[in-house]
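You will see two complexes here that share subunit A, one where it goes with subunit B and one where it goes with subunit C.
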Partner chain A sequence: MHLFGILLRLAWRNLWRNHRRTIIMLGAIGVGVWAMIFMTALTRGMVDQMITDSIGVLPGHVQMHHPDYRDDPSISNRVSISDAALNEKFDDADFEAWASRVRVPAVITSERESRGVTLLGVDPAAERDISFFDYDEVEGRFLESASDQGIVIGKRLAETLETEIGKRIVLMSQDPENDIADRGFRIVGLYSANTKAIEQAYAYIGKTTAQKMLRVDDATTEVVFLGEDYRNVEPVYEAVTSAVDDTVLVQRWFDIDTYLGTMLGVMDGFVLVWVVVIFLALSFGLVNTLVMAVFERVREIGLMLALGMKPASILGQILIESMFLLALGLAVGNFLAWATIVPLQDGIDISVVAEGMEMWGASSMLYPKLYASDMILASGVVLLLGFLASLSPAWRASRYEPVEAITKV
Partner chain B sequence: MSAVRCVNLCKTYRQGDQDIKALDHVSIEIDEGDFVCLSAPSGGGKTTLLNAIGGLDIPDSGEVYVAGGRIDNLSKGELADLRLKQIGFVFQAYNLIPVLTARENVEFVMQVQGVPSAERRDKSNAILKEVGLEGLETRRPGEMSGGQQQRVAVARAIASRPALVLADEPTANLDSKTADELMELFTQLNKHHNTTFVIATHDQRVMTYAGRLIRMLDGRIVDDIDQRAA
Partner chain C sequence: MNLVFRLAWRNLWRHPRRTWLTTGAMVFSNILLVFMMSLQFGMYSLMIDNSLQIFTGHMQVQAPGYKDDQKMRQIVPDIVPLANEIRDELKSERVAARGWAFALASSEDRSFGIGVYGVEPEFEARVSNIPGLVSSGRYLTENNAAEIVIGTVLARNLRVEIGDELTLLGSGVDGSFAAAVVDIVGIFESGVTDIDRNIAEIPLGIFQDTFFMEGAGHQIVVVVDALDVVPEVQASVRSVLPVSSNLVVPDWDEMMPGLKQAIQADIGSSFFMYFILVVLVSFSVLNTQLMSVLERTREFGIVMALGLRPGKLGRLVLLETAMMGLIGTVLGAAAGAILTSWFTTNGLAFPGMDEMAAQFNLPARMFPQINLLTLLAGPAIVFMFTMLAAIYPAVRLRWQNPVDAMRVA
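Up next, the complex of A and B:
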């Protein structure tokens, strides 16, 4: 322990012996660490938004269906539990929100065009916290109750159908007996979404109205539950599964959308690979700095060995010097990352490339996400790999023969 | 008891195609409290002998004893311990650690030995005063003259009171006045602390300070003179 003090002092002072080289290396490490964290924050933000948007667009965190609904999403595969029973089970449960829906495929027809859509029969009050759009931002108005007689469609769908608020359209689907169930609706509102594809996909009518049209009393096809965080859905999942029997199928969002679930896992791996790749580039500079530092100090390393310092202490001194350099570089990099990401957390406008990003479910705004875990990961990787990279020059320094080192010219 | 005893030491270096005999069956015995000069022209083997005595170099054959213990068969770690605890070194140049102050350089060996901070501070202040460097404690080597740097090196060598001090050409880079001052200092330390000094040099003036002068040539001892008797 008594040695540690002198090793720290030697390492710190030697670090600043060639301050220009140290500052350049600190800059390189700082920028490298900044790049690691900044790029990770952008990627995390994009994936986070893709998942949040995708989950926000109807799936929620946990869903309940008839076991066959996923293969055949028709009204025949209704949830076996009545709406009244669902209310009794879940009204007092500790969810952020939950709602039951009638969700079936349908055809919507204007006087000019027809289009396949997903018909959503919803209770606007229950759906408000799950909806991906703000009711107040709907052009016209959103549905006012479960028995509202109007229909709300996306702006893009209205353009495709060449129709507008106030005009009538016809919805057509099938009832449980596979007979045609159709009805005319007047368009009362047009909603906007992050992507044009979503604006084309869904048509909203009142839940009770949908049940009457499809002749299913108070049956629904989908129950959606929202917890606090999409990364931690187990509490919600367990609460729902414990309340129902196996006549219904309860699934988490990543069971339903395996692409998104996989993407979250892949992204964690990508972040690690990205951090390691940047570090590998940095490591050349780090090793070179240490090799030069050792090379310039051969004689005094020889002197210390001659005076009785053990090779292990020389090894420790070079490693401590490397750790000082890395720690300072990490402080610079983490600060730069924090200082550049926090002001951008309100969003970066990427509308120039929005159409391309839409393909992946991303919107025209990118919100970088700075997670402490990513900063810790980047710092941990840099320290660990930096330590390993420093071992070689430190080991070589500790192997010097004092007589040869002290007379080195 | 002998401070140093060397028995039949041999050491050969290879230089190009040639084998150079740096030590050729060298045997000497140095008593505690002796002040010995090893004198030889360049390449005569004095530094090799000094390194062998200090455990910095291992002879090809022969035996080296320091304070009664054999050292030529010790491991690197044991030799490092021996140098740390029993031997003080003064080299010709690059004697000090540039990033440490004069006091820190003097304390270096004691700190590696594990001497408590307060004790180190007291000893280093006292020894720096003794070698005439009071007031220069916080200067770094780059801020001191060559003579002052050598004094710091001497202070470091004797600070932990080693039984043996080995000095390799300690005056080579000093002007004559500073060299004389340094040798006076060595002499005083030898007398006051009974420290054994072995100094390798080819400086005639340095030799006059020694109680015993050992002349070497081509790796062999050619003369061993007790100057006190003279």
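Up next, the complex of A and C:
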């Protein structure tokens, strides 16, 4: 233990013998580690936002459908469990929120235009936490109950249809017998969403009203469940699957939206690749520094060996020096990352490329997310690979022949 | 001059390991830069081409406001003669007139709201790749045949096959009730679910009859050979438009602003990464050159005492750096070119990429495009930063007092 103490002191002092070199190297490691963590925080923030934006709302974390519904989203493919039975099963369950709804394609027609929409027959009380807009921010009003007679559509759709609150539109879909089911509605509210595409896509009516219009008693086509964290949906998934039989299909969000599911995986891969690439760029400088440090001290190392220091101690001394350098650089880099990310956590406005981000499925505000796990990953990779990279120069130093080394000019 | 050159070259190889490690950092970054840039720019042009090839084309003649609203009333009158005039003016066949309407498509079992394009069968294949994607049956042939081509997903959802009849219900340009019965002659598969589910094409003649267009349509699509001639062609198209009309000629960027922005966002984030890489390399160079200057302090003191001016010594250091930089640039660019061309022939794919690629109309395997720009831009910037990094060690010599320098232990 005494020996280890000496080695630590030796390594620390050696590190500062050539302070310029050490400081430049610290700068390089600091910048590299900062870039690793900063870039990771930005991508994490983007993906998190994309996923919460698109699954924390409407789709939920876990969904239940008729097995054929996804391929053929028609009212013929209804969930086999009645609303009453669903209530009995899930009312006491520990979900953040859950709701059953009627969701079918429909055509909406004003005096001027017609468009295709996704018709949502909802129970407003159950959907409050699964909605992508705040009920109170709806222009006009949102539906008041499941048997509300009005319709709420997106602002953009209202513009396209050249209609407004108070006017009537006709909604057309199919009943289970494939007959046209249509009904007139009065527009009671207009909602806004992040993207124009969403404002065009959904029309809300009361669940009971929808069931009457489509002549399906109390059946629904979709049940959604929201858990606490989108990264951990297994508890919700288990709870739902164990409560139902195989006449319905229960899926997690990443089974349904494979793009987002893949995106999450690809981003994890990207983070690791990025960290390793930056490290490789750093490693040349790191090895160089160590090679030089050893080279300048050949005589001294020879002397220590001649005086009886074991080669293992020389090896350890160089390795410790390298670890000191890396640890200091990591401290600098992690601090820099923290200091630059925290002020940005209220969001970075990137609305100049808003429509481009929409293509990626991301929004126009970027909220960097600093995860402790990413900082640990980056630091761990740097320490581990740094250790491996230092082995060769340290090994060479410990293998010097004392006499040759001392006499070297 | 020759002497300085030889001196610099020999100095460079005083520590071969150090020189190789520093060049190694450059080579590593250069390979990465050449490869990534080739991949990126190859991807961008593919992204633009593929997105525009589906429907949009490079520019369109439309009524003002049509690109945002797509309303039936926003027409281009006498569209077929106008399209002919444009063909004559541009001496190009890659011009096609279209109409677009929203309609309810009903088979025996199902009804869905879809977008129906009225197209000129003779010319559509020259502006869009949908005709080429017909996977069963055939594309439209006659301008007045009551035929329709639909996407695979729509065919599945409507439960129809080639030879079946579809009823189209919608509203005409004057708001009156429009209906047509058409035979399915072909089914196309683009691989993009939204397109395969929501789009159908019928001949323009039938379209005009059904929706009471009276010779009008909604868009004339023009496709050109390269993106950079778009403004020129746009001007010639404008010159053909009737003086009294208020028609506009938006280009692809105006019609799909998301496309360019997605590219810009991607360029922004990747340039941040490249920049970090280059900065790390310059740290490495700074460290090496500073060390190499410091260890020669005595030597420099002597030659200065002998009458060599510090400016000349500074140039020597810069020349050494330039030599090292050149080695790194040449080796890096060459290795980058070899690596990239391997992927150019074999393509690159990683798990999950097909999902991501589909979002941007890209194929599942990517082929980097190497050209002079992508080959030289990265290495040139690395070289520039290498030289910048050598400035401090070179200039430092000016403050060196020969006598002090000679006394350094």
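The rule is simple: the second predicted complex is superposed on the first by the 408 of 409 C-alpha atoms of A that agree within 3 Å, B and C clash if a C-alpha of one lies under 4 Å from a C-alpha of the other, contacts with A are read in each partner's own complex, and residues count from 1 in each chain.
Please note the rule applied: a contact is a pair of C-beta atoms (placed from the backbone, for glycine too) under 8 Å apart; a residue touches a chain by one contact, two chains touch by 3 or more.
Since this is a predicted model, take the numbers as computed values, not measurements.
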- Task: Using the touch definition from the top, say if A:399 reaches subunit B (first), subunit C (second), both or neither.
- Result: neither
- Message: Just checking: does A:265 make contact with subunit B only, subunit C only, both, or neither of them? Give me first, second, both or neither.
- Response: second
- Scan A:215 for contacts with subunit B and subunit C and give back first, second, both or neither. neither
- Message: A:17 in the overlay: touching subunit B, subunit C, both, or neither? Say first, second, both or neither.
- Response: first
- Message: Quick check on the superposed pair: does A:2 touch subunit B, subunit C, both, or neither? Answer first, second, both or neither.
- Response: first
- Item | Which of subunit B and subunit C A:231 touches, first, second, both or neither | neither
- So, does A:168 touch the first partner subunit B, the second partner subunit C, both, or neither? neither
- Using the superposition described at the top, determine whether subunit B or subunit C touches more residues of subunit A. C
- subunit A contact set shared between subunit B and subunit C covers none
- Interface with subunit A, subunit C side, in the complex: residues 15, 17-18, 21-22, 24-25, 28-29, 32, 69-73, 102, 104, 108-115, 156-157, 170-171, 175, 198, 257-265, 268-269, 272-273, 276-277, 279-281, 283-284, 286-288, 290-291, 294-295, 350-353, 355-356, 358-360
- Query: For subunit B, which residues are in contact with subunit A within the complex?
  - Reply: 51, 54, 56-57, 76-77, 80-85, 89, 91, 94-100, 104, 108-109, 111-114, 156
- Contact footprint of subunit C on subunit A as seen in their complex: 18, 20-21, 24-25, 27-28, 31-32, 35, 39, 42, 71-74, 105-107, 109, 111-117, 159-160, 162, 172-174, 178, 180, 258-259, 261-263, 265-266, 269, 274, 277-278, 280-282, 284-285, 287-289, 291-292, 295-296, 350, 352-361
- For the complex, which residues does subunit A have touching subunit B? 2-3, 5-6, 9-10, 13-14, 17, 299-300, 303-311, 313, 402-403, 406
